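Mind having a look at this structure? Questions to follow.
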Amino acid sequence: MPKALKIAYLGPAGTFTELAALQLGSENELVPLASVTETIDAVLAGSVDRAVVPIENSLEGGVSATSDALAVTPGVQIFGEYLVPVKFDLMAKPGKKLSEIKDVLTHPVAYAQSRKWLEKNLTSHTHIPAASTAAAAKALADGANCDAVIAATAAAKLYGLEILASDIGENKEAQTRFVEIGKSAKPQPKTGADKTSVIVELPDDRPGGLLEMLEQFAARGVNLSRIESRPVGDRFGRYRFNIDAEGHIEDEAIAEALMGLHRFSPKVIYLGSYAKADKSASEHEGNNTNGSYHAAKKWLDDLRG
Amino acid sequence: MPKALKIAYLGPAGTFTELAALQLGSENELVPLASVTETIDAVLAGSVDRAVVPIENSLEGGVSATSDALAVTPGVQIFGEYLVPVKFDLMAKPGKKLSEIKDVLTHPVAYAQSRKWLEKNLTSHTHIPAASTAAAAKALADGANCDAVIAATAAAKLYGLEILASDIGENKEAQTRFVEIGKSAKPQPKTGADKTSVIVELPDDRPGGLLEMLEQFAARGVNLSRIESRPVGDRFGRYRFNIDAEGHIEDEAIAEALMGLHRFSPKVIYLGSYAKADKSASEHEGNNTNGSYHAAKKWLDDLRG
Amino acid sequence: MPKALKIAYLGPAGTFTELAALQLGSENELVPLASVTETIDAVLAGSVDRAVVPIENSLEGGVSATSDALAVTPGVQIFGEYLVPVKFDLMAKPGKKLSEIKDVLTHPVAYAQSRKWLEKNLTSHTHIPAASTAAAAKALADGANCDAVIAATAAAKLYGLEILASDIGENKEAQTRFVEIGKSAKPQPKTGADKTSVIVELPDDRPGGLLEMLEQFAARGVNLSRIESRPVGDRFGRYRFNIDAEGHIEDEAIAEALMGLHRFSPKVIYLGSYAKADKSASEHEGNNTNGSYHAAKKWLDDLRG
Amino acid sequence: MPKALKIAYLGPAGTFTELAALQLGSENELVPLASVTETIDAVLAGSVDRAVVPIENSLEGGVSATSDALAVTPGVQIFGEYLVPVKFDLMAKPGKKLSEIKDVLTHPVAYAQSRKWLEKNLTSHTHIPAASTAAAAKALADGANCDAVIAATAAAKLYGLEILASDIGENKEAQTRFVEIGKSAKPQPKTGADKTSVIVELPDDRPGGLLEMLEQFAARGVNLSRIESRPVGDRFGRYRFNIDAEGHIEDEAIAEALMGLHRFSPKVIYLGSYAKADKSASEHEGNNTNGSYHAAKKWLDDLRG
């Protein structure tokens, strides 16, 4: 990425999302916005080049706001993914002591992760929910009626807070996955370590619809690294599935599976093919390499005469 | 239910959950609590007989707090389900006019549903997220720094607010589904219009695990009315599935599918069999009635001699 | 077929195969040969244009000699199929009376079909097996040591025999299906009422191989009108499957399924696409018309940019 | 088998079937009969204790006469299986020289196996088909108009012939599998190295019927060592499948799969559970041991309360 980009992210500053956005390059200009929808709108309006938003948390699952925005907003595509380790610190205004903490402001996910530590170290605290960990830090700095917040380390410096306890989350491997969103365009080039994201609506609740959909992948040896259900929203029992499949749209196995989904599903949204953050090779089970596909095509062409 | 019960629900008063809890009978004593976890803890402690909590919203999908609490809390079971239509009103302190409204406090789901109405009628408003619609109403009554809230009709009377606009949500069919939770016990009797809820963890991300799991149901003609993925939480790519299957544990098709899941899955949690809120018959595809099962069993016993 | 062809068939004259060969046109020259292998060898040598051989009998199943010859003989292809009703008559040398019949010479299939009639009308007869019904008739004419034969009506005239009882077979709907074999070439043009024949070897007895193979068809909505197992022949438990699928190689659903089999199977033999004898339309389940395939391909090409 | 049995077999003496029948014990009385049907009739009539008939040949596949007789004859069951290596010798009347051989009488399977040898060593021979290799040997001894026969070694001694060339078959691993048939009774005891044979008719040609049937086995981790299609016989496109599954009816995985087939199929015939000739352990994929089944059943019973 030679030229500096303007990148919207789900703010405020100090969130894990800012850490993800920084991974796109230090030369870029970062623009914190208040909601996932606003960052995507900014992309569509052309006021920014890219948006960086959370898509999935290893602790809490899919970020519905992002999944649902991608499902209903045409014209955008995913161009990359970034992982950020999730580390929670307890922080307060300078001078406050741990023994004085009663009301703890933070996002419910951060609270759930820190609960064991809190129950041991702050036996009589109360949890006040916040919209995000950074919003909690900002609110405390702005004079909110609470004693401490749980937030990412970066928030302390940004909002002039003091860290009382570091890395108090239970799962030390926790990460959040972020995606880089831009206007729909030609997909990123194939790297051999790629994933392809789609959203697939199931046909009108016929029994076995999900099984049939999964067989579109299985018949081409394509593994799925993520499958997350979301309601279509009109009535109970109707789902769309957010799927990350191993491989790139330039892999014939993926291309054929995509075309199979297009025939099978009343609505399938292609969200892009892009390099995997963990850089592990994307391979397909069985004889489903491009070489095997091309050999099969040549065989067919010969038969057709 | 002849005798009055003590029923905890996800409060505060004025939420849709209270409307669901009232469906268990007007003779019961209702106890609003601050979180799903607290209501379940109250059930386990014996301080209440039942808890009523939201499980799924036709607009927004599964309620993660409930799904995840059921996944990690042994000793509880679902005994019934209740549907409540979701209707949103805009309300403010008495005397406030619609033209004066700027800052709107409400839960993000309520905000998303009301957004079209707001964009047309309050073009320059700002959204402030709240933990629930009732919490928003309570906060406004308590003097929070905002101009209006979006909440269920009942909240207006409860918190002394005035309704400025009624039923401003986009989807007029929207409903929330609630479950009645009690201590694990013998399941409710079979009615012929039943569902069975389970949480199934997939075996260590082997490709095709989800397909195999679905075949445990398909091989017995069992349809699923709900399938919702949730992360196991230890690392990306590991899922458990919250499933509602048509039928009762006393249906042999369900019993055999459950035993199949028990063998297949590293962890399967039975959450109960109970009457469906919509009272539609629960049937199984193919020759999978109890009669067919018993005939097959008799045939087998004869063969075994 | 404007120009007269030279057509080998599984003789001798008077068999059902001759009746099938006659369906290719009365202007052709028919050449009876002694075995399926000889007719196919004649095609390959160029001494005849086509071979007509039985492939399947509605009573007795696949004709192994033909299936196996097609499996091991490269360079040939199926160009058409023909149905012949199977009608069996009891015939003897002129003057012989029904009451005098003891030893009945015929092919085991003809005998099995006529057994009920024989048990009622010739209670103490004996069955002597013959290689074919026509061979039996010829043998009787040549002086074989038996009293009567069961054969097709045409055999009586050809070998100077007298029909003692007509149409004595049990299943009055019985038919034999014959195929027209020629040198490998461009398949017959698509008619909309076509079938495609293949022979597919399963991968080295991995469990579920047959299931996977069937899914190659199911994932493209292709129904099978015939599936017949044959041993590969090297050891027990290894099979190849003779398959007739609905549709033509110019149908994209068939083309993609064929390519899927090419990748999946260690050995797949394309035996041709040709008009169905019963002229019923060949359609594919779900959205698998050529129109749907082309729309999906256009969608993919647009995505690839 | 302490007490001598009377055992019918598909004769005449000198066939491979006699070698199989001898494996049941040298103390038994062997009775050669002319057809599979006659041996089974003898079992049903009680004139013999057991029948030994060929069921499958590693070269040529299923023996239709046996498969079909088992499919339509109620009251019988398989009690064991026996393997016999298939070795073909060329034999003639004493004094005949190899260079004098022109007409070779034998069964078509034996001929196909010996063809390469014959083409090299008897370049201008002619094949005359016989009903069995032993029938060929007997016919030559009785004065049939031919120069040599191809048959099992034992036939030479039995019919006073001289072996001109030994073991002339192409596939040196070739074997035939024979089954021991008796009146329906309690299955043989479980040995841990068992197979279970069934015949399953598919439901009225609905697409995917075979796939569904195979899933009844797959859902219980049961592998199939043999699957052979046979026409039901009323019209084209209707099949029944002869299946050998790994395991014993006392294995819960097999028992549940059998009951699944009973519900799924319009007609399923249990042919018995018996020790495998190759004595390899019969195991089921996944957690499908009897222990896992019993644990699942106990779990279910506890849930049902």
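As written, the chain order gives the labels A, B, C and D, with residue 1 at the start of each chain.
Just so we're on the same page, a residue touches a chain if its C-beta (ideal position, glycine included) is under 8 Å from a C-beta of that chain, and two chains touch if they have at least 3 such contacts.
Keep in mind that what you see is a predicted model, and the values were worked out from it rather than measured.
K.L.:
Which neighbours do chain B and chain C have in common?
P.N.:
Where chain B and chain C share a partner, that partner set is A, D.
K.L.:
Quick one: report the Å distance separating chain A from chain C, using the average Cα coordinate of each chain.
P.N.:
So the centroids are 57 Å from each other.
K.L.:
Rounded to a whole Å, what is the gap between the Cα centroids of chain A and chain D?
P.N.:
59
K.L.:
From the C-alpha centre of chain C to that of chain D, how far is it in Å?
P.N.:
It comes to 25 Å between the two C-alpha centres.
K.L.:
Do you know which chain B residues sit against two or more other chains?
P.N.:
215, 218
K.L.:
Counting only chain pairs that touch, give me the topology of the graph as line, ring, star, complete or other.
P.N.:
Chain contacts: single closed ring, each chain with exactly two partners.
K.L.:
I'd like to see which chains touch which, written out pair by pair.
P.N.:
In this structure, the chains touch in these pairs: A-B, A-C, B-D, C-D.
K.L.:
Please give the residue numbers of chain B that touch chain D in the complex, ascending.
P.N.:
185-187, 215-216, 218-220, 249-250, 255-256, 258-260, 262-264, 270, 286-288, 292-293, 295-297, 299-300, 303-305
K.L.:
Quick check on the complex: what are the chain C residues that touch chain D?
P.N.:
Touching chain D: residues 56-61, 64-65, 108, 127, 129, 131, 171, 173, 175, 177, 207-208, 210-211, 214-215, 218, 223-231, 233-237, 239, 285 of chain C.
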